[in-house]
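Dropping the structures in below, format is structure tokens.
First chain A sits with chain B, and in the next complex the same chain sits with chain C.
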Partner chain A sequence: MNVEHRPAVPTNVLIVGVGGQGVIMVSKVLASLCQQAGLEVKQSEVHGMAKRGGSVFSHVRFGETVLSPMIAHGEADIMVALEWAEGLRWLDYLKRDGGTFIADTQQIVPPVSFRNRRRGARSGYAPATPAEVIDLVGNGFALDATRMAAGLGNERVANTVLLGALSTALPFPREGWLGVLDGLVPPKTTEVNRRAFDAGREWVQNFDRPAEQAAAAVAVPVSGDGLDHRLEITEAWCKGCDICVKMCPERCLTLNARHIVELTDPAACTACRLCEWLCPDFAIRVLTASAPAPALAK
Partner chain B sequence: MDTASANDFDIRDYLRVELLPHFMCPGCGHGIALRALLWAVHDLKLAKDRLAIVSGIGCSGRVGAYIDANTFHVTHGRPLAFATGLALARPDLEVIVITGDGDCLAIGGNHLIHACRRNLHLTCLMFNNEIYGMTGGQVSPTTADDRLTTTTPYGNAEPSFDACALAAAAGASFVGRGMTLQTVALKNLIRDAISHRGFSFVEVISDCTEIFGRKNDLGSSPEMILRQKGSMKPDTYGNVVDRPFRPNAVQTGVLARNDRPEYGDAYRAAVLGAAGAAVAG
Partner chain C sequence: MQPQLETAGRVGAMSASAQRPLTGNEAIARGAWEAGVRVAAAYPGTPSTEILESLAEYPATDLHAQWSTNEKVALDVAIGASFAGVRALAAMKHVGLNVASDALMSQTYIGVNGGLVLIVCDDPGIHSSQNEQDTRLFCRLAMVPCFEPADAQEALELTRLAFEVSERFDTPVIVRSTTRLSHTRSLVRLGERREPEAVGFRNTPQKNVMIPSHARARHPLLIEREAALRAFVATTEHTRWERRSRQIGIITAGTPYAYVREVLPEASVLKLAASYPLPLDLIGEFCRSVERVLIVEELEPAMEMEIRASGVAVDGKAYFPRVGEFTPDVVREGLERAGLLAPRQAPPSFGLTAPVRPPVLCAGCPHTMSYMALRALNARVAGDIGCYTLAAIEPLRSIDTCVSMGSSIANAVGIAKAGTETKPIVATIGDSTFLHAGIPPLIDAVYNGANITVIILDNHITAMTGGQEHPGTGRTLRGEPANRIDFEQMVRACGVKWVRRVDSYDVAEMYQAFREAAGFKGVAVVISDRPCVLDPVRIKGPPLAVSLDGCTACQSCMNLGCPAIGWSDEMFDGHHKVRINAQLCIGCTLCAQICPSDCIRPTA
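Showing the complex of A and B:
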């Protein structure tokens, strides 16, 4: 494969996401492709904190000669974010003018972003909408790659969708990308990865709509009072075994004088359902707004 | 976690509510195990008419009576034998056996190993509370070493059974273990066991708070259920996980699984196939 485009200054691509999404896979495809094209490539990554859900990033630099493996602040030509908040976290690495920002609007909300465990509590997760961010960077693409991948039959190829989007910003031919991709993914998933790659490419090529709204399915719905649930206790069935009282993480249940369970602190209840699941006597039922009406009457 | 399934599952749709409260003692794990079973049935969208519950004698045997489905309460140790006949005659039913450690391993031990060997499409749930609770607390085949029971007032000297290893060795094609403390995981395990084509054996770790707990000074109901997390006596649950901060943690989940031929199909092909398929209905 030959590429005429041989810039003296290296091209910087920063790929970020969380553990398990395939950040390293995307950077591997890019690095191998550049290597095949006869360019010098340096790649460095941090995945030590990754486990599943931790922050992961990978720097890829390629060109005629590459000296440092790291991208400095404000020097990334292209940034690919596999997770929305990770994209925002690394945004200051992107070139102020002319940097390309490609992001999945998928939100993976970490539990630590909740200050309050009540159901419906507001989280500290990135509040900026994709439209606002895309306005800010100028050359940005925010696509719901995860949902696109799910539509193709495998949510895990979301990274390949973004790889497809990335491929439009670099001067390598489509066949070159697919050749490297085929060699790196498990043989069983070659087909779905190829389709995901093309889906990402097409999305960018047809891009003329405003940035899609952030994936509607944010982990926890944000509502005002948070009291959209209640406990239904069938007193006649409770034997006072104390399991729910001791197991409740919020300590909002107690046994009353008759040794029957009582919800004494409704405001603390998060509707986690632990009491319902662990009650050997079926005496507790957690009713949330979406649950059907109680069926005891029959 | 499957929030939607938790939301629309109301256990009372599957219970004979007029019989409640049930007869079990405060804190008894069997109620939680029953919830997990019915939740799994709900997840699988099995019609109650298609469900056949066969239970034996003992505390576990009484559990079946509260289920609003086709239920059979049969003689001691024989639920697997009854269920074998039922599943062969009515392959359209989903047959689930509820049995206890004594019912399944002592009185019905012979039926268990042969049911495992045949690999007929059945689900066998063994509620293991390490004791014969209903008859007053005698030693059972799974009572751990040194435990006090009515019949072992100086501590149990017999080695106990690891029921899952027994079932796997006898040929059960799906073997799993769950604990009442982890209701959702237990529900998922039972759901997989029911969907598995072949003989599925699930050991449910349950607590006998009133008799076993009292005799052995294991504390209150919440203390007993929490003990499932890491301080069970290992010899009853052969596969003890050696983890640095969790001594005596019991291995749960699917322990053995294969896809060997199911007996009902093989039987119908070999016996009824020759006589003509019309008999099968």
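Showing the complex of A and C:
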């Protein structure tokens, strides 16, 4: 899967992931290696929100001469995704003809994907499976690098597994990669990083099977959208304690002037039943079509 | 020839005449060090933060580097050092210059004794800021030269040159960077440090003391200085006239230069070392040498307006956007609109989508409970600048305003004085932001008898920018011990009668304290006290786990927005039970304290 090496035209490698996964480490190894080979390199990244679990990218461009530090859309020769959905997010940067896609199938699902409280809601995470995506991009490799790294005893070296996979796509010798890697990782982790690198490299070299399935795709049966529901509030039992108002995820309840709870934003209510379960006086019942009577805990 | 490389060791230990991969920020620091800078000060702000962090890696015997409480203080410290006759630097992000601008507007009249350089980093595209203002307009207002490096090598050289220009033309100099330059790493040739002889304080009150009679005499000198600087910008080697096509010429400066070269390699280019003041004679000559001229500049048409005003017909913003960050794609599209490139078919999309991934408060972030409690208080919350601004979005969604550093407290005073608000009025402000610009408005609130609650979110660090020290941490930029501010004493000294320090991880105490504070008539201050989970040390306690037998899928814990809490595959009554990611969980116990069915426990 060697990328055609034409020194006059820079080679573009886009590395993406989630804050804290080691995107910058991967791009630093690559950039140092290119510099040792006497090539010009530019490496551009986002900082700032990176620590806060946001999306992180690093552009690495190398060749005889490199002008722009940024890769244009559809111009990445290789894309390395340390997290599955991040791979999909940046996929349109990949060259349509001959671009190489390398991704960890590991999913880091952002909290906002679990925001929906309706019955039977699906997580908002990427629906495309690795097999579908590899089919689509042609030259793609989806490996469970995180599980491979965990198997080596340190989940945090998943980025090095992917670095090993990346190494097969570029014309630098294995020893060169390992030399740079040794200099950039903490001495205590040199050995596990070397093994992770080789594991990723060998995975691609022995590649003859379809993409691995993601470890834990969140598939959820849909059982009614919960729209057909109403709240039954027994005013006489409500003592205005405010617990339901404070805890309602959608903020659709308020206390009225008489300190009795009221559903003031029925459109926002998802029938999540939190108010029903938290009410110490059983003053709220959530009646839905699929569960007309309040569910009782066993 | 193979460049000589150094891959190990700190920047401060790098030998001269070597080449090293440096970010723009590291190159700026190197340039300042080579220029013999003696005093450097800054307040952290993305994307400028690493400049001072990098300077602090050079020997303390070479220079004093410090975090200041805010950008104006940093600039005033640098000005003081300049008065004392040594080279001095202040670094800040674009909005930091707003804070420092009062000093700058006077200092431009005063000029310098030792060279005085401001590094100002703009954030086109608003990666991590509250706006994308263009520093070049500030340079024109202050009549100080605006150097615009196009890459890391130029960042080093122009910063070094800025000190010479500052002394030669008796002016502060601004070196303007952008996020892209500051955070792009490329190979840089290093030089030696040459520290000029310190000249000592010069007793020239007509120049150093800005009273009306002195200032009136100084203003005409600024206009003479502007003319001299125009001539300098025309002749410096960093202004380059690259003769190619006779049909099309591009005038540009800074990072867009690389995009122009990449996308339209045949164009003649006038790459300016500075975007203010403009070498109008040279520009006129360039324009006459080609049939058509375009100005390619990010954000405002700063150069375009001045060149047009000088009577030269050029175009720019007719084709290029005034908002957002430039990329090769943006420059290409502009050149296509201008008819200089054939419209390129957009690369076909794979048509896949990914979930939005907004930044979130970390697992165990001590800010989380403050906003859960505020949510329960149903308060009107004036927010401020810091990680905690993330509480403005779901699921915490409990910040109503966010303006600028330190605005929260005075905004709350205004909301209270307007008399229209029925909810309790609360200002939330981080420890570093409070020290930056929160103390004067707190005094104002007490002085004017405002009925507000102020929550100081004390996480013992400047967290948002990656964990920098400040006077509340008791350590300096170089990690040496320093006086540590006692927030409680300081707040009392401002005249606040109701002060309470609470543990940010104690849910009941937080609810109780917030309710009592909101009930107090006058200014009440709650100090919500817990260290940041990332800095200065990464906190990791025993993780919690959900007992799936007891979980009723109420998802109350998910109201916290903790990234360690997600859905499990098990369901209860059509809803997902929850699962805690043991890798991410730091054991803060907030979810366990909130869980109504008491099914979240520490793992054995």
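Everything below uses one rule, namely that the second predicted complex is superposed on the first by the 203 of 298 C-alpha atoms of A that agree within 3 Å, B and C clash if a C-alpha of one lies under 4 Å from a C-alpha of the other, contacts with A are read in each partner's own complex, and residues count from 1 in each chain.
Going forward, a residue touches a chain if its C-beta (ideal position, glycine included) is under 8 Å from a C-beta of that chain, and two chains touch if they have at least 3 such contacts.
Here the structure is a predicted model, which is why all the values come from computation and not from measurement.
When the two complexes are overlaid on their common chain A, residue A:G138 makes contact with neither chain B nor chain C. In the superposed model, A:R285 lies in contact with chain B only, and not with chain C. Within the superposed three-chain model, A:G240 lies in touch with chain B and out of touch with chain C [touch as defined at top]. Looking at the shared chain after the overlay, A:W277 reaches both chain B and chain C. When the shared chain is aligned, no partner comes close enough to touch A:G151: not chain B, not chain C. When chain B and chain C are set side by side, the one touching more residues of chain A is C. In the superposition on the C-alpha atoms of chain A, the part of chain A touched by chain B in one complex and by chain C in the other spans residues 242, 245-247, 273, 277-278, 290-291, 295. Within the complex formed with chain A, the residues of chain C that make contact are 2-3, 5, 7-8, 21, 46-47, 127-128, 151, 179-180, 183-187, 255, 258-259, 261-262, 327-329, 332, 346-350, 352-362, 375-376, 378, 387, 390, 394-395, 397, 466, 534, 552, 554-556, 558-559, 561-563, 565-567, 569, 573-576, 583, 596-597. By the touch rule above, chain A contacts chain C in their complex via residues 18-19, 31-32, 35-36, 38, 40-49, 51-55, 66-75, 85-86, 88-89, 91-92, 94, 96, 109-115, 117, 119-121, 123-126, 128, 133, 136-137, 155, 180, 183, 216, 218, 220, 223-224, 226, 242, 245-247, 249, 251, 272-274, 277-278, 290-291, 295, 297. On the side of chain B, the complex with chain A involves touching residues 6-8, 10-13, 15, 17, 20-22, 24-32, 35, 180-181, 183-184, 209, 220-223, 225-226.
Chain A contributes residues 236-237, 239-243, 245-247, 273, 277-283, 285, 288, 290-292, 294-296, 298 to its touches with chain B in the complex.
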